[in-house]
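Pasting a structure below so you can have a look.
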Amino acid sequence: MVEKRLSTKTQVILTLIFILVMALLLWWADKGFDSYKQRVLRLIGIYAIMAVSLNLINGITGIFSLGHAGFILIGAYTAAILTLTPAEKEMSYLFGIQPWIKNLHADFFTATLAGGAVAAFSAFLIGWPVLRLSGDYLAIASLGFAEIVRIWANNALTVTNGPLGLKAIPEYSTTWWIYGWLLFTVVFIASLVYSSYGRALKAIREDRIAAEAMGINVFKHQLMSFVVGAFFAGVSGSLYAHWLTTIDPRITTMGPMLTFYILIMIVLGGLGSITGSLIGAAVFAILFEWLRDLEQPFSFFGIQVPGIPGMRILVISALFIAVMIFWQRGIMGREELTWNNLYKWLSGRKKEGERS
Amino acid sequence: MSEDRVKQLEEKVAELEVEVNKPILILDHVTMQFGGLIAVNDFHNRVIKGELLGLIGPNGAGKTTVFNVITGIYYPTKGRIIFDDIDITPFRPYQITHLGIARTFQNIRLFYDLTVLDNVLVAQHHELSNPDADRILIRNGKPPKNTKRFWFWRAVTKLGYISKEREMVERAKDLIERVGLSHVMYEKASSLPYGEQRKLEIARALATKPKLLLLDEPAAGMNPKESEDLMEFIRRVRDDFNVTILLIEHDMKVVMGVCERIIVMDYGKIIAEGTPEEIQNNPRVIEAYLGKEWENV
Amino acid sequence: MNQGVFFLQNLFNALMLGGLYALIAVGYTMVYGILRLINFAHGDIMMMGVYFAFYTAVIFSAPPLVAAIVAVAGAAGLGFLIDRIAYKPLRNAPRISALITAIGMSFFLESFAVVVFGAVPKPFIQIFKDKTILNKVVMLGGARIPLLTFLVILLTLVIFAVLFLIVYKTKIGMAMRAISMDIPTTALMGINVDGVIGFTFALGSALAAASGIMWAMRYPNVYPYMGFMPGMKAFIAAVVGGIGSIPGAVVGGLLLGFIEIFMVSYFPTMSGYRDAFAFIILILILMFKPSGILGKKSVEKV
């Protein structure tokens, strides 16, 4: 059976057109949206980077890592410490500050890059003990790592300002910076996945022993995937910090809850699909914001219902459990929304139309 | 003829004999012990280059364990494994595959969610990504599989990579066609019927460009027609791909029909060795199978 | 305070904390032994049990003992229900799916508690009409040890005795042990596997609730996230002791309790890292002896 495929040139041209259209839409949104919608749009971009990077580790390579929040936290703090001026830091560090921390300063791009690099390096270190473990243990060990980082951030007063966190971080994360980094993330990871290395990672996900038997150094490739995923997590952390303008090591903001949110995004979108992660991130962000209404008082058929805080997470968790039980494959399953697939789907539909 | 001349000719003949009957794999007094259980007991034998060697024996005799020791999954309690003049005993499975030994599994272990093409392509990845195994080759005076570096960055940026990918795809498609699986090239491995899955597993192993191919019960679960096709297939593989084949099998028709030499194991030890005819009439072999399962004789 | 007295006080604190961890750890290890599932929601079931006790005592003015019994029974029922609704449908799915669902269940329970019970911490001592019991102190060799500590240690021992009776001397206990070795064969023996699994969840949840109630007597703040850390630490205890082994869970729990109490007492500057110790121990044990102290190595057949 000959497979219907579009030529590579066609695909590249279509992709470039798509990026152009997206850029135009973003420009229009940037000008036209009110500030609230703009904020959500930017959050979608940040979540998308988090989702795509976690998907590389969990969905494509099959490493069940729950430590993503740890890398995001590392990236956030590294970048924020770099973009805040020494004077600002002097003022906000309540317990004093390490001199070398105070004197670090860089521009936003370098700071974000550094955030990614430090996160990637920590992934390299933590990968050696953690990646040798099997599925369940790996999950807990990676969660443990993320918790250790968070608890350290809570206690290292002269480095991170402890529980107070960093405030008044300059809001450098514009729509363009965020979506620019998102584009880079998707291109990088997609290019990796659509190469011999990507196939090797998927093989490791399918069957580690068989992969090793086919000559793949499983540990090395897992580490590679882990480090790349962590790099982009660190980048997303920096963008997040400069969007939220304050970061602190609380359980709810930079802890397991954040990892849970990202997990929801990639499961909803389809574990193992890059385009799925993008869709999942967008759906989650919009849904989560929309559910905010539930936490305000509202009227339901004329009855005044008081706002209940925490309702959002309840609904999201319940939905998540329902998805896991009834619709595990998520929106895209493991497939991608590629030009080829679209073309096949469309021409398949046409054929049916012709027949009848 | 002078005595010297005779001696010269004898030495030449001996040399040529060694070349022709050169062992590609030597198991040097290999013992594999798990706690109190001795799974492989002083296995001392060799595989001649180019031969079709069978490894048979009742269930639990230790045959798959021998495979696992050869391929580096287990480190032998005693003894060494020498492949192509290299002592491969301390090496990890992925390195040993890179050095030229490929295998299939008793329970098929395909990459089920990947397509047939991807399964075969993955088996070529090791050429790009094993600098340490290449160093082993160089240290032992053999050519490395790969001379270019930074393949990871090449793969991501696609610079200096596209031609390599094209080459790998060509090779994979060619292999798939020779094996007779072109019609399912883009199907997921999970959707293939059992017989084709077995073929795919062998094709995938061949894609690693092995010198020695280990097949673990390739005829398991096949009906007589399928096993006949398989016999023909194995012979063709050995001839067309220039590989040495070591085969574990329970189906006696396949073993007797395909193997040139057979080693028989029982309780971890070698109890007999010889041609199919010799083995069939060997009382020790018959005794080992009698009272245990004996299929398809 | 001299060294001996200091040590004695810490010893009893460690025994108590260790016992509480052990009770929760046993629940984890039983479920993991049978289903190879880390029930992330276990710590949150403990939290729900504490809330059950609290509301039974406060709203229905029940005496503490009755409240405790209701709570334990309620938690057992909750555990059973969660298995039926969320985990049973995924019995044959890849393990990752069940794990992710357990995580989701954990967050569900926590947010449920936030919405229904409120995020503001509640004082658990309200369930005691007669507060004097909380202040009684016993003198042992110069050390002042709260009566409560003794009671908790005693109760824990009793509970474990009962547990060992159930697991090793009853039919259902034998069924549990059989299932942990081989599910299909056990099913072929005519045992109602799903029923026994449900019972295991119920039993583990009951233990967790008992532990939670005693925990709340000692650390009297009740809030929706109170189960997260103890749950994590209990799981780590189970792994350290050898996951799947009930004696292992006990050993692991005691070990973790001891390390936590003694580290904080003898190195007070590290007290902020109190929770991190457990995770560090986890990573160390997974690196050097992943099967745990009392665990067995399982080899995957190739």
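Letters A, B and C mark the chains in the order given here, with residues in each chain numbered from 1 onward.
Everything that follows uses one rule, which is that contacts are C-beta pairs under 8 Å (C-beta built on N, C-alpha and C of every residue); 3 or more make two chains touch, one makes a residue touch a chain.
Source: prediction; values computed, not measured.
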| item | value |
| --- | --- |
| Most remote chain, CA-based centroid, reference being chain A | B |
| Distance-to-centre winner among chains (Cα means, whole assembly as reference) | A |
| Whole-Å separation of chain centres (CA-atom averages), chain A against chain B | 43 |
| Chain B and chain C, separation of their C-alpha mean positions in angstrom | 51 |
| Rounded Å distance between chain A and chain C, as computed from the means of their C-alpha atoms | 33 |
| Set of chain C residues in contact with two or more other chains | 302 |
| Sequence positions of chain A contacting 2 or more other chains | 209 |
| Overlap residues in chain B, where contacts from two or more other chains coincide | 73, 105 |
| Contacting residues of chain A [partner chain C, same complex] | 64, 66, 129-130, 132-133, 135-137, 139-141, 143-145, 147-148, 151-152, 154-155, 209, 251, 256-257, 260, 263-264, 267, 308-311, 313-314, 316-318, 320-321, 324-325, 328 |
| Chain A contact footprint on chain B (complex, rising order) | 71, 73, 92-94, 97-98, 102-103, 105, 109-114, 118, 121-130, 132-133, 151-152, 155-158, 161, 165, 168, 183-186, 204-205, 208 |
| Chain A residues touching chain B - in the complex, by the definition given at the top | 1, 3, 188, 191-192, 195-197, 199-200, 202-203, 206-207, 209-218, 220-221, 224, 334 |
| Partner chain A, residues of chain C touching it in the complex | 32, 36-38, 86, 89-90, 93, 95-97, 99-101, 103-105, 107-108, 110-112, 114-115, 119, 225, 228, 232, 235-236, 239, 272-273, 275-276, 279-280, 282-283, 286-287, 290, 300, 302 |
